[in-house]
Amino acid sequence: MPFQPIKFYQTGSFVVGNRLLSEDQRSVQSSQARTNSLTLGHRACQGCGEALGARYALDAAMRASGNQMVVANATGCLEVFTTPFPETSWQIPWIHSLFGNSAAVGTGIAAALRSKGKQDIRVVAQAGDGGTVDIGFGPLSGMFERNDDVLFICYDNEAYMNTGVQRSGATPPAARTATTDAVGPHPGEDFGKGKNLPLIAMAHEIPYVATATVAELRDLEYKVEKAMSFHGARYIHVLVPCPLGWGSAPSDTIRLSRMAKETGLFPVFEAEGGEVTSVSKIRHRLPVEEYLRPQRRYQHLFRPQPDTQTIGRIQAIADKNISRFGLLNGEPK
Amino acid sequence: MLEQIEGSQAVARAVGLSRPEVICAYPISPQTHIVEALSVAVKSGALEHCEFVNVESEFAALSVAIGASAAGARSYTATASQGLLYMIEAVYNAAGLGLPIVMTLANRAIGAPINIWNDHSDAMAVRDAGWIQLFAETNQDAADLHIYAFRLAEQLSVPVMVNMDGFILTHATERVDLPSQEQVDAFLPPYAPRTYLDPADPVSIGAMVGPEAFTEVRYLASLRQHEALSSIEQIDEEFGEVFGRRPCGFFSSYRMEDAEIVAVAMGSAVGTLKDAVDDMREQGVRVGALGLRTFRPFPADAIRSALSGSRSVLVFERAHSPGFGGQLSADIAATLRSVEPTVHSVVSGLGGRPVTRRSVASAIQASAKGELGLETFLDLDESLLKREVTELGTARRSSATGGAVAQIIESSGPQGAR
Amino acid sequence: MERPFAITLEVGSSRHNKTGTWRVERPVYVDRLPPCNDACPAGENIQGWLYHAESGDYESAWRKLMEDNPLPAVMGRVCYHPCQTACNRGKLDEEVGINSVEHFLGDLALDKGWMPETAAADTGRTALIIGAGPSGLSAAYHLRRLGHTVTIYEAGANPGGMMRYGIPKYRLPREVLDGEIRRIEAMGVEIVLNHKVNDLAAVLAEKRFDAVFLAIGAEIGKRAYVPAGESARILDAVSFLHSMEGQAPPLLGRRVAIYGGGNTAMDAARTAKRLGATDAVVVYRRTRDRMPAHDFEVEEAVEEGVEMRWLSTVKHADAGKLLLEKMTLDEKGMPTPTGEFEELEADSLILALGQEVDLELLRNVDGVVATDGVVQVDRNMMTGVPGLFAGGDMVPGERTVTVGIGHGKLAARNIDAWLRGTSFSKGGRPELADFDLLNTWYYSDAPQTVRAKLDVARRRSTFDEVVQGLDESNALFEARRCLSCGNCFECDNCYGVCPDNSVIKLGPGLRYEFDYDYCKGCGICAQECPCGAIKMVPESI
């Protein structure tokens, strides 16, 4: 695990807070003084993983930067549910320009701050999976290769949720979306498609790349803090379940994130300069069925009969991740 | 200081004198010489406190400028043609956000067919985006207008696009009087943004606005453009005081005193128009020329009063809206709705075809004789077109299409000078 | 800074949008009953005192513990810890070693000389307690804390009852027992020793006391009829263990048989071993899994060399040998004779077949009902005689120190109410914090820390304490293994995981509040609460 577990406490380091730790060792989210970068009254759906992920990540970045931070946001749910005129839920300097350009806007902000000698102010650019792996990919790749001093955070809910759940380059195989419907001989998204952006980011050999989920707050905060310790281009990919698009219970948002990791479907790791430096080990390995079954987007895999062949193909993806990244205890990395 | 200098170099110098803080650009002809020169200035250290970002696309170029401007930096980029279209989403966005970015548009035709030469199709494609659009007649104009543009943009919080004809100006070496740094500093104060991304005073920029307020947002944008008209007059005064010349005005007038016919154009063609006017005046035709520098906001009142005494207005326009006609003449015609002159659209100089003194003169002559149609394509190659139109008609078995095109050719026939 | 209309917005302005109206279910904080507390016969708030121990605040932990039990050092050694059997952590890895933490806290308190909270203002009321065993001492302690004047009449030469005369030293060193009793005395409880009450009616008639609590225990060893030769040496376990206190140890011979399968049988066998018996054989008529003795007692006995003879009854005792009959279990699990016999060499036979109450002192008291040899009490621990209460081994129930201490507390609360002319009610029991209400993912894996044991060689020859206490770091570790079932332990999870920032953290010790103006009712907080202290309830319109 990339962070040192707090040993021997009744709940280890997995809970948000820990009254037994000194203040400076506690998670940002446990603090009464956390920024609440994203505050009350936003219009995200019940149980929104993205709202949670954004507050987690940005509050951590705020702490790491000493509250000297500005954020560029792509078009998408996160933008729409936070800033419908006349109200905004942001409490930090924030700009929304377009769907595909948040990385470039971030680059511009960073360039401006550099030219003004204000590099103590840090820049975060963020987008959903569409704004990252699809329409925003060009500017993001440019930002990476120029090593611009921007932390880019992708909140990945695996489809275009804001427009009504259409398939993106991050939609996993067999998942039903409005444009990969559960019809025909191969219902849901095809196998063999999609982009693995963390690996692509690593191929740019930027200083820091990490993946995280909203289920492991301390890990996420650790990674944001770590990312903020570097200058140059950094990338964090956060899995954020979407109850609406995934067809899951709003209360299951964190549980599903946890299961995505515990099955091996979503490997949680970090990389520096293009090399994986640590992985978050699976604590209690789960078969993929347990992750798939509570989600209506995979309902066709279980009704009328379990589609064991397709489930097996998804399990094979998990197994491949597990061996590729060494996700089980006792394996290197 | 007077220099014999390429247009692009002059513009790069003027931009440099304006102390930009962030410059970003993606290569596209014919604007490349400008940003190349600026990149050298930044990299060599000649231009201090400035970041030069080599971006991966025009979309990123303007997006970087948006970010930089929103963070309070004086931002500049340059593009042309396809590049402008590739960034068009950001063009609208920059205006909507009220970011005072200055962008050079080295005007160039838009493909297909791909064509690197000059016309104004690119500028026309974004005329509704909410930018101020200025057109340089000469390289002196181009250099001056950039300094002027930063001042105007920042005073109004509106982005400004300085148009200069690709190659004709960008690559032409002329005598240019480049101002001193002291003069520019006296005219252009450091950028004091209306609002920017400041951790000490956070705001959310770029909200989603629904039907309840979108109209008002647009109305205010329109108001700001109108406000720009008076700002232009005021800044012109100051520019004159500092530099000893007027760079803009809404337009330049040439031998307009008693003109019955007025030839109108934007950009480098204005010089040609002036030569043709001189020729025609020698032949006793009462003709003048008007070179429009401020296309957006459109100085309708000034144009109306300048043109209301004439009988006929010939708009030599380097762009054409297929299925409709020329955009500039349409704007002028709309401006002259209630006054006398007939507005003729003379579509000319598309894709780099020279607008010659002789062709301009022939159009003026036709107008003087009352033989000029409402829309004319200058210097059209009729024989080529007739063949194509016939083939088109045969191939599609559609006499209607062929017929319509043939009609246009017919109508433009007599005026074309070979 | 200028704020251009509509495009630029004032930060945090979304507070105007009260998203609480979206909600169909609301989360509420609850305190559920942890299974350990539920199972504790002494009514300890185990989760409550572990909470303090987790932070290393052992004194607060001890004081919390002392609210219910005045003898933690004793309890930490002799309790059979049903709390641990019930502990939810047992379903996760291993149950929390509650008993060992109690042991640690009890010893630490003795070491540091911590004293219980001073008694409430004197009420001027007096209570007599007969018997200074676990329930008597417990009742005395609680009554004294409530401000009453308490006197104990103890028949023995020393206080402690079965804790002194029944439990061997190697399980409960006497200085520990003495230390905890002294603390009770120091609170102002008067213990009159060597004061056997033979006629309760006479004591009641004196009317010196406003209330009386009877807690004389069950100190008579049951004597089953065993046909025996004249020279057979037979004694009962109660007397045998009693004789270990201050008297000359009885002569047992080298080979000792113990008849019975309870904890007393184990105590007797292990004591015999320590007295030098080469063979100590427990004879029991059923099988090990049916033995009433606790597993760990049997294990420790076996470790020390005690042998077991299962499915056997003693048919005849003679000098130097016993005749055993082999038994078998019928379909109901009842032992039935097989008619097969075998011999066992034994110089003496110790009977450990249960204990009886000496009801002699009640002979002149009207209104006290004894059934099956035990005194009947109502749910307020009162006998048929108003103001006369009874508890411990002499009333129906399991006969353990822990149950006795629980009886003492319950009796004290009822006596207090009686003395004040009110009535005591226990209040409703909260919903049980079942394992499936927990989100155990949040708890890191941590196996139990086992208390070290004295090495077997020393256990066979000395009465040194067998089970050693945990050191501080291990006790802390063990305390921190508590899952805090059903009770908020301020882990900040709800505060952190709310996507709508609708949990208000009130600060250390103050827990949290929901901001129902904004809470959308997604239920993540309830789902992610590690200890099941949040419940979703439907909104009513």
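Labels A, B and C are assigned to the chains in the order they are written; within every chain, residues are numbered from 1.
Heads up, the rule we're going with is that a contact is a pair of C-beta atoms (placed from the backbone, for glycine too) under 8 Å apart; a residue touches a chain by one contact, two chains touch by 3 or more.
Given the structure is predicted, the values throughout are model-derived calculations rather than measurements.
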The chain pair with the larger count of contacting C-beta pairs, comparing A-B against B-C, is A-B
Could you name the chain whose Cα mean is nearest to the mean of all protein Cα atoms here? A
Centre to centre, by mean C-alpha position, how many angstrom separate chain A and chain C? 50
Rounded to a whole Å, what is the gap between the Cα centroids of chain A and chain B? 44
Taking the mean of the C-alpha atoms as each chain's centre, how many Å separate chain B from chain C? 92
When you check chain C against every other chain, which residues touch at least two of them? 6, 9-11
Multi-chain contacts in chain A: which residues touch at least two other chains? 82-83, 85-86, 88, 90-92
Which residue numbers or ranges of chain B touch two or more of the other chains? 97, 198, 202-207, 209, 213
Quick check on the complex: what are the chain C residues that touch chain A? 6, 9-19, 22, 54-55, 441-446, 476-477, 479-484, 489-493, 495-502, 505, 507-508, 515, 517-518, 520-524, 526-528, 530, 536
Residue numbers on chain C that touch chain B, as the complex places them: 1-11
What residues of chain A sit close enough to touch chain B in their complex? 67-70, 72-73, 79-80, 82-86, 88, 90-98, 100-101, 104-117, 121, 138-139, 141-142, 145-146, 148
In the complex, chain B touches chain A at residues 21-22, 24, 49-51, 53-57, 59-60, 63-73, 75, 89-90, 93, 97, 197-199, 202-210, 212-213
Under the touch definition given earlier, write down the residues of chain A that touch chain C in their complex. 5, 7-20, 26-27, 29-30, 32, 36, 38-44, 46-49, 51-52, 55, 82-83, 85-92, 217, 243, 249-255, 258, 283-284
